[in-house]
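Structure, as structure tokens:
Order as written gives the chain letters A, B, C, D, E and F; numbering starts at 1 within each chain.
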């Protein structure tokens, strides 16, 4: 039934498009050459699937909390312009039992076997399997389902690119969840990178930028930044409530940097 | 159906208002500059959400047992005057199974997506996820739900402020329950702070205050107080049954202080 | 419906009264000044609630096995003459699943919100949460329910006193089950205390008492008693089957004392 | 309904009588003064209940595997001639789920509240709670039920004696399953005791007895026996298939003794 | 209903007979005096039950994997010519839940209470209780059922012999699964024993036998064999596909021997 | 019902054939003498079953991730030309509960008892039992089912060959999942083997091959390859998107080699 098939694919596409769009609400700021490299690698994987050379390719985007994994995965997926694009998020499965979660995942993959070119984004895959380091706990049924589905060759002529994101790469190893390729997403690391983002935000003048960065350096007693682009953008938003934006931003960032180090102790 | 929508929102607001009110029955005594700082920070977070700069902001109020977390979260929420204000407490979920708890939480968040400005107070979030240090045990399904819901961007134009309280901050780290911002709520620490509360209570004359404090110092052999404002207020209530209020208060407080130290061994 | 409300409250009261009564079948022998102190403290807590100063007060009576916790909690509750008096015991929940146990507890608290003055006795609270040290095991759902219910402010004008008993005080800390106040119930410790109980029992003449105590001292090679009043009363009952009461009592007590020490190794 | 009550009690009694009877099929051989002491202590506990002095008395018979606990408990129960006598065995609960097991136990206790004098034998109580040392595992629901029921005072004028048996006394401590009194049941320990049993069996002549005992001593290189009366009786049965009874008995006993020591390593 | 009883027993007998038959498809090769000793001991236990001396006798046949436990238990059972003979195997319970497994076991025992002489073979009893050393895991409900059933005296005049097999004897101790008697089933240990089996197989000429044994000795650098008769028979079957039977057999055996040692590291 | 039996077998055969076919989509490149040895051993096991010598034979193909286990098992199964050929994969059981999984396995074995010659491929058997090293976790019910089924002799004249694959051989030992024979599948180990595969792929000219291998050696500072044939083939596919195939291939391979070593730390 061709008409129904179309109906099935279209809304999927639409819904997903919007969802993916929201993942990059903060845009993609090219604050370092790494960002370009990541997007280029993403394009190459897209080509490998589009050309049919590799009919099933799974890629893991891994990096620290807030480093931009979801935004970048969404960007790569949208830029592929594959007719089938689907985002699978933990929140979509809240309140489902294990069986329902597995059916939700199965449906995502089955849908992805219907269109001539397909991309699935599995966001925060460690949460999709309900990973908690205390215990540790996880859903072994959902994990088994993902392993099975990620290993299952799609029908001929229906190549599938899987983009998964995680901030728990070593957990993937422990759970023996294997990907064919990997992309590392780094934190904002240098003062230059931070300055780049501040400038792009349009919230600071050059003087404010250099003052804030100076303040951060003296408070943290270090030139290393080491926080995700997402935390930087939140810091800017918080600073914008304050008449002294640069000062407030430096304050908030210094706290975030300290916290990032502290919590990793 | 606009009328029903209104009906849905109004009672919510009403009920919640009353509940929030009861959380601050003992009032907010400004016994230290920290109290003002906490309330000011709360106001800034409220503005960040009200202005639409940050459409989803989660803040953790953490501190020792009885330090006033719930009262302060309720105060900040009520002072926001956001049209949607909801308190979620562990007791509301007593007797629910995991699925029902998750539905209860989902409903709280879904309701919070309906009004132009929204604040949710998640009180004692470690108990909402049924945390017990023995084992340790917790509900990983409820935890996953909270993670998903706290990470889910509300619809456009429906900004949401989440205020969570906990006396188990390190548990939050262990469970990887991440908040965008944090506010520390300290104990009553100094004799001056204690004296301030005693005086505000109206239960002691100046002489009684200084005598009680002297007694406490000599019993505990220390000038440190280190108990929550809540325990201080209970101590005052207990003392009020006794003709010798100051003496009885000193006795009760000395016990509480000893107990607070002892149990942390 | 006022009549039904009365009906609901009355039988509750009646039934409970009888149950509470049976808890003190052995009477309260004032074998040491501690007993008077405990009862006086109990009365003060009752006043604090009766006067409305503290609308919700939870008190933990803790002490070794058989030291008289249940009897004393029942005594304090009955002496309050509060119109609503309820005893919650583990045996009442035998054969219930977790949900039913929680509903049983919820009903006890809901009933306690109906009368102008209320007292609830939660007997052997570690067994109510199904605590077993092997594992350890416990019902985290029932524990969560108790935490929620004990933290829930009763409606205005319905103050509630909660008296809980336990022989596992450190377990309460581990489970983070917090009480606003505590009363320690000690064992029978000295020969004088033991003699007092023997005499009150009416089963021994003065000569028999001093002979038995001498025998116990020489058998156990110690002047310390260190067993609960309950075991002492059982020892007297066992001795009463024997023509040589004093001798048999000394024998039984020496065994009990040895066992109490042995099992605590 | 008196007639139905009678019907309920009578068959119970009958059935139980037969069951109890089968527990002492091997008779009670008075192979040591301990046996008489055990039976006498049993009689005293029976009197303490019969006289109404102690309306609820729980006694634990503990000792190594096969030492005769079940037979002795059954003997004491039958000798009491109490109108209500009930045996509860693990095998009666095979195939029941936890709820059904608890109901089975509850029914046993409820039945025991109906007659003017009652005795319940809980055989192999560690198996009734499904104890397995690997893990360890046990049914905490059944354990909680037993604790509750054993602590529950019977109605006035319905005194109850509980005789429980176990070969896992320390497990009782670990599970905090507390009995008011205890009786130790020892193994067959000396050659004299063994000779006594051999003679009572009627299977050996005096010469065979002394030869067998000599053989055992030389094989095991020890005068200690240390096995249960039950294993001795089985050894006699096995030996009876052999023309050389004394020789075969010595062989089998030596193996059993070695095994008893070996498995306890 | 006698006719139905017969119907019930007959097919049972028939089915079981065939099943037992298949367990000894490879025959019983008397490759060592141990084999005769085992069969003789088996016959003695059969007599002890047949004569009614011991109405309930449980015997454990234990030994390494493939040593012939099942074949020997089946042989002893069939040689008894008891009218009721039943084999209980783990595979019969595949796909059953715990309750169904227990009912299956109960039915086997209940059936065994109907005939004047009964033998039950519980094959691989560690798998019947779902033992897995990882964890370790096992079904404590099935274990409890087996304990109960194995301890339950059959009705008068219905003696029962239970033959259980296991390759996990120490697990039986850990699980406190107690048998009244035991028979050890050893591996093929010496070159002579191996030669005996090779010859009985009819697959080798004397020269081939001595060549193969020589080869094995030089490859494994040891005269010890230490593998089960079952592996030896499989090795012969594998060798029979090869023109050079003796050479191929030596190769396969050497591998098996190495593996048997290696996996026990 | 013969017609239905045929229908049942035919589609099974068909479906399975196609599935097995897809497992060897990359063909079998004979890059080392090991490959021929593996296929020859496979043929011998096939003959042992075809000839009826061994009516039930289970063989484990074990080796590192991507080493070609599934492809080789499928090849051996298809080359047998047995009328019944079935592939059982973890993905086929996604979303099934334990009972359904067991029924799925039972059906596979029952189907395999119907045809005169049968081969079953159990792919990734550690995932069929839901093994996860964290915990570790696995389905003990499914494991028990597989043990039972793999041990169950097929009906006379219905010999069965079981080929199982795993990358977790030691897990098989731990779970006591025993196979009658084993085949090791090695990684691509030497530069020559790698060159062989590159050449067979037709994607490189001789110069490119030697350049790539040289690059890999200098990047990894080693002549060892140590990755599966599957990863090599993926590397070739990735390199084909790049104008500089040899250079890109070297890059990708070097990363894969590093990763293989790194993750095994």
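In the analysis below, a residue touches a chain if its C-beta (ideal position, glycine included) is under 8 Å from a C-beta of that chain, and two chains touch if they have at least 3 such contacts.
Small disclaimer: the values here were computed from a predicted structure and weren't measured.
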Report summary line: Chain-touch separation of chain B and chain F, in steps, is 2
Query raised in the report: Where each step is a move between two chains that touch, what is the least number of such steps from chain E to chain F?
Result: 1
Report task. Look at all chain centres (mean of CA atoms) and spot the one farthest from the centre of chain E. Result -> B
Query raised in the report: So which chain is farthest from chain C, going by the mean of the CA atoms in each chain?
Result: F
Requested in this report: For the copies chain A and chain B, give the interface type as same if over half of its residue numbers appear on both sides, and as different if under half do.
Outcome: different
**Report entry** Chain centre separation in whole Å, for chain F relative to chain D (CA means)
**Finding:** 57
Report task. State, to the nearest whole Å, the distance from the C-alpha centre of chain D to the C-alpha centre of chain E. Result -> 33
Query raised in the report: Using the touch rule from the top of the page, what residues of chain F touch 2 or more other chains?
Result: none
Query - Going from chain D towards chain E, every chain in order around the ring - result: D, E, F, A, B, C
Query raised in the report: In the complex of these two chains, what residues of chain F are touching chain A?
Result: 22, 25, 65, 89-95, 97, 127, 130, 132-135, 137, 234, 237-238, 240-242, 259, 263
Requested in this report: Mind listing the chain D positions that touch chain C in their complex?
Outcome: 44, 47-48, 51, 53-54, 99, 102-103, 106, 136, 138, 140-141, 143-145, 147-149, 151-153, 173-176, 178, 180-182
